[in-house]
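As written, the chains take the letters A, B and C, and residue 1 is the first residue of each chain.
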């Protein structure tokens, strides 16, 4: 392995800091670059880079933190960046899409049903979907505690370009899933809803 | 709000691309920067930036993708970055690549088409590709059983760094097959798909 | 005759045929069908002698080849009698091979592109930070992604929660016996088939516990090919296995 010159090191260190998910120490950078590279050499090149960023008015600065070096945007650009994040269409998270799928296909459902099928708490995701009007309260279940039932609203149809819920692709047709598994899950979700309600009732009683 | 000069725009666009979680379109950048800024002006400055990155050997390049502009590291730095992340390279199996190639070049296609063209069952591979969002369902074919049609989505282009499907490497013989022959193969593949299904049913019975 | 073919490398019968055609320098447009059939069957024999499981697709291709061979042996008079242009019985096979070769090459050129996460990297920014509580416009989602989300969910049974104690309708011991019975019919079962087909939450947990107990007793082995791959239950030969299962009290589940 040949040793790297300063120009190459600058390019490489920039690439490493750019792709790093968090602050990186000189020692880590050196280890990734060359087995014989002293961390002090890396620190020196990092200083050069930091100076270059200041002088050429780059869109970011090189900052030294307790945990290592990190590239960060300039504070005076914060407003623009916030505006971009707002103008950029937000992608529905995977969790949101899963929750929405359950509600769309099984409506009306309780939170307990959704939590059960996803295997995790859906509180935060439900709030997002309710805020976005993709999901709405449609009633209460006739069970102890009268849990709220959720369904989809008109915005849901609009969002997916459907005229009615009848246009949702039907699940049994969905050939990727073995039919026995599908049936099992069908009955599972019903049973679970009841078991949950049961338990809720008891714990309150 | 005063209008921004080119130098300022370069700095700001760099900051915005640096801070964006995904590809950003010229229109989105313009909207975040100034209400009166035409997207074409942004595109022109982006070009300048891209050229500057190439000439000054920055640690990243500015790439245009289907969904907009994005900063990415250079392929020749991959080894160093992986060493820093301690990560193994993302890999696609040969079976996955073959399946992906068929879907990318022939979309929309059914599972039966893919199975026929590969001569093997593609179920497991399809699941992997669907989970990784490289392939997605794009509709249903107007045939008995209404089989699902598959195609590629924006994630496919992002993964391979393409602006559009037109940028896919061209197939040497792709255009050499006369259209009537292609049609013949199409109908054959459909027939074969049905034959396969038939056979499965029998072997289980 | 020695076949130095790493058969496990072949992704299917078409792949194997292409390899044989190249290896023996045959003309793909004029395949000597008797020869290729012999080579192909010899390759299958090699697989058998190595105790490799031959996928059904390979056998289907073998019969296709034999069928083509027999049709080529028929006197061409018969076709002429039908007053029809004779179609070369190899035609479909040639088309399939050419098509397959094309996509095989396409796959190779796709692999040479700079792949995100392998050759090029983008900045890693926590997307969820803004996806959740932002009030920006929502990006359109194709309808089928909604179906896919559900498919993903349904393919994974919900993990058994640790905080809830199952009220037992079915005892763990009873379920363990059922699992063993399933395994007596087939020596190995995908773990998900055993657990995932449970019809309610309790059964799911009871099954889960039963499988763990069986493993502890050394009556089944829980195996996985590789990280994240499917988990398999293997029967351990030890009869009568069911007698080794204690009652629930002994398990401590009451």
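We take it that a residue touches a chain if its C-beta (ideal position, glycine included) is under 8 Å from a C-beta of that chain, and two chains touch if they have at least 3 such contacts.
Here the structure is a predicted model, which means the values were calculated and not measured.
Q: Pick one for the touching-chains graph, please: line, ring, star, complete, other.
A: complete
Q: From the C-alpha centres, identify the chain that is farthest from chain C.
A: Of all chains, A has its centre farthest from that of chain C.
Q: Whose Cα centre is nearest the centre of all Cα atoms in view?
A: Measuring from the global C-alpha mean, the nearest chain centre belongs to B.
Q: So, what's the distance in Å between the C-alpha centres of chain B and chain A?
A: 21
Q: List the centre-to-centre spacing of chain B and chain C in whole Å, with centres computed as mean CA coordinates.
A: Centres of chain B and chain C (C-alpha means) sit 25 Å apart.
Q: Between chain A and chain C, what distance separates the C-alpha centroids? Give it in angstrom.
A: 30
Q: Can you list the residues of chain A that touch 2 or more other chains?
A: Answer for chain A, listing residues that touch two or more other chains: 18-21, 87-88, 169, 174, 176.
Q: Listing for chain C: what residues touch at least two other chains?
A: Touching at least two other chains: 121-123, 127, 130, 144-145, 147, 151-152.
Q: Quick check on the complex: what are the chain A residues that touch chain C?
A: Interface residues on the chain A side: 18-21, 85-94, 96-98, 100-102, 104-105, 116-119, 124-125, 128, 131-132, 159-162, 168-169, 171, 174, 176-177, 180-182, 184-185, 187-188, 191-192, 195, 199.
Q: Which residues, counting only chain C, touch chain A once they are in their complex?
A: Spelled out, the residues of chain C in touch with chain A are 121-124, 127-128, 130-141, 143-147, 149-159, 161, 164, 196-202, 204.
Q: Note which residues of chain B are touching chain A in the complex, please.
A: 7, 10-20, 22, 24, 28-29, 31-33, 57-60, 71, 73-74, 77, 80-81, 83-85, 126-127, 140, 145-148
Q: Under the stated contact criterion, what part of chain C meets chain B in this complex?
A: 11-15, 55-57, 60-61, 92, 95-96, 98-100, 102-123, 125-127, 130, 142, 144-145, 147-148, 151-152
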